[in-house]
């Protein structure tokens, strides 16, 4: 029985975020990194009972703060003012990263420059000459959670695949990514095998032709 | 996942199986989850490895587990006490393996397990019998011993109060090993005096975030 | 020793000397001890090594220290931001050394210094540029990097409230690096909104015990 | 200028405890271990502003609890009910021993079986065949504080010196003891040199004759 699905149109960013949200198990503890993945929080339902972690020291993070809710002492990892939900807790940086590194988070969703078929992640540094490097919590997030998922565009502006055989950008973490959500396809990575769960606005055969890694149909 | 709320201590420990490694909180009687230990005695699991600061006192709790030969190994810092007769007997009979660890190394090894640290260099124990066979290193002219994390399948912990999400607060020196054992075990089982609604605990004062807790059981007020 | 209570931020930082290593708390603006940093700027100490999560933003605080070339080295995790122009300029000019550390390793190295740990094996950074030249080890099939403690002579910290013994509580995510930096520095200098009498803080809720604190200064209520 | 002093009578346990108490600097953070050294707390004055640490997780420990003060959740490292003073704080075991190991306590006072002239300490195990070993916090206390002081009887029941050239009992910590208080003399240890600060009920020359280490007069 195949579980492979396909749609005619590429996924919008919101559609991607919604699919990620649905895939997050009920009751999970989740870190949504910064940037695009934070949009996933807008599609989590209260029935899911998902608890959000922000690595600057909080569990039970609520939505972005607005108006009078804005409090400079309550921000997320992207330095955006947020709110706290009932049952929240605060902790210091060593405890926060111990929580991540110790494998206590269920899912972490990150952006990426490249992911290899073996699950290696590059998302912290372009490696361009003269670029000033900055890593933040990227390497901790990559290897800490029970599952690390990536959300990214599948192709560069030049049309090259960001799902690669071997990273050309500097490594963030080795063998850590287990799922990739893109506008064109969703991939499961396990045991050096890349399985295409769905395609969107592209056929499986076109995908095989454009990507430099072996692909299996779900 | 919000913790399971067990109706009884027996239900709380029902998953503990033969051969499991079980951390048990407490320093002396303070913070000792006595009702959970009694339930573990009743549930019949054997061949246990127990991680505790001590190795049981008098004729109660961990001492009875040892008396019944349900424990095959103890990892602890201070087994010998005036009333540790069941430990003493089992140990002298060669029926109980002992891994003796300086108390601070015990605590740090438990923390390391919860924090994803693969090992650490500690000055405690350097040059002593308890470092024999362990890797050592001079760092800035001082001797250090490499110690490794202690993981467990289960932790039995006593806290004062939990919310339904598993956030915990403790009471005075009964806090001791609870917060670190909760992070180091795959399943942390906690007995509390009461369980309150989310939002009832001040987020600034939560000592153990609920992410570390799997099972809660109320045992009534055992402090008064 | 109960902490010195300084009358002004200038008095609080007066001991900081040329060539000192200074930890500065904060993640973004939350928990950033802005008045202490301004006082450090005024006091004239130069050739500083600064440990902070970032490397200054816009035209304030740490960014100005860097602009004035008072900082010779930054140990941080995230220097490059949209408004880190003073860092960018000093770094590109080769006038500022950068030690880039993954945020969790930065936190754990600071904790290790305060906890007397000589080094630890962490999985974070294994196989990356940031582990180049560092000792690595496979432990149970997983790669780890040996990281070393980061000590400092001074820490500048912002907390919400202190008692006269130096016990501290923080506020929300402004807690971030304060509690660990307080343990890792020889002298921890803390700005607070208010100083209260011993016994005013619940002993269960003290986040940083006073043993780690050397100097307190009240800066009024900067949160509202 | 000699600072050496002498008294005709050996010190009682209370006299020893009082001298230790006087030697503790004002404002110091101190751990008094278990057993004999805990008696020092009875001679600390409130003017000294000394804060007591107990390694089971507390700073600001008060006197032994009596009557209604007794609370099973508030005990010291010897498992004796104690009280809390204003300004106390509680913390877990890893934080408590980090505080010790990290060198934050000013003084730790311990009992001993033996101390070597180089400051090696033996106080955890007799090494007797069949003895069940128990270490507790002894090794952490020995090496953690800025200064480790020992209170002990100078001679065994058989009359042998417990200040030795080389330990015959198992080591607790190497080179960690900087001062020894005994009924017969008080010793400062530094750089492998043993200085006698005072003698009590014994002359300096007698001491030199009875102890197997080189002694210097203060």
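Lettered A, B, C and D in written order, each chain numbered from 1.
One rule holds for everything that comes next: contacts are C-beta pairs under 8 Å (C-beta built on N, C-alpha and C of every residue); 3 or more make two chains touch, one makes a residue touch a chain.
All values derive from a computational prediction rather than experimental measurement.
> So which chains count as neighbours of both subunit B and subunit C?
Touches both subunit B and subunit C: A, D.
> Could you let me know which interface, B-D or C-D, is made of more C-beta pairs in contact?
Most contacts of the two pairs: B-D.
> Once you find the CA centre of subunit A and the CA centre of subunit D, what distance in Å lies between them?
About 55 Å separates the centre of subunit A from that of subunit D.
> Counting in whole Å, what is the centre-to-centre distance of subunit C and subunit D, each centre being its mean C-alpha position?
The mean C-alpha positions of subunit C and subunit D differ by 35 Å.
> Can you check how far apart subunit A and subunit C are, centre to centre, with Cα atoms defining each centre and the answer in Å?
It comes to 29 Å between the two C-alpha centres.
> Where does subunit C touch two or more other chains at once, residue-wise?
Subunit C, residues with two or more chain partners: 108, 111, 115-117, 122-123, 170-172, 203-204.
> Note the residues in subunit A that touch 2 or more other chains, in rising order.
58, 84, 90-91, 98, 100-101, 144
> Which of line, ring, star, complete and other names the graph you get from chains that touch?
The chain contacts form none of line, ring, star or complete graph.
> Okay, what are all the chain pairs that touch?
Listed in label order, the chain pairs in contact are A-B, A-C, B-C, B-D, C-D.
> If you look only at subunit B, which of its residues touch subunit C in the complex?
Going through subunit B, the ones touching subunit C are 108, 112, 115-123, 137, 139-140, 142, 144, 169-172, 202-205.
> Inside the complex, what are the residues of subunit C that reach subunit A?
27-31, 53, 77-81, 87-88, 91-92, 100-108, 110-111, 122-130, 143, 170-180, 207, 223
> For subunit A, which residues count as touching subunit B in their complex?
Its residues touching subunit B are 26-29, 49, 51, 53, 58-60, 84-91, 98-105, 144.
> Note which residues of subunit A are touching subunit C in the complex, please.
Residues 54-58, 71-76, 79, 84, 90-94, 96-98, 100-101, 125, 130, 132-140, 143-144, 170-174.
> For a test of understanding, state which residues of subunit B touch subunit A in their complex under the given definition.
1-2, 111, 113-117, 163-165, 167, 183, 197-199, 201, 203-204, 206, 209-212
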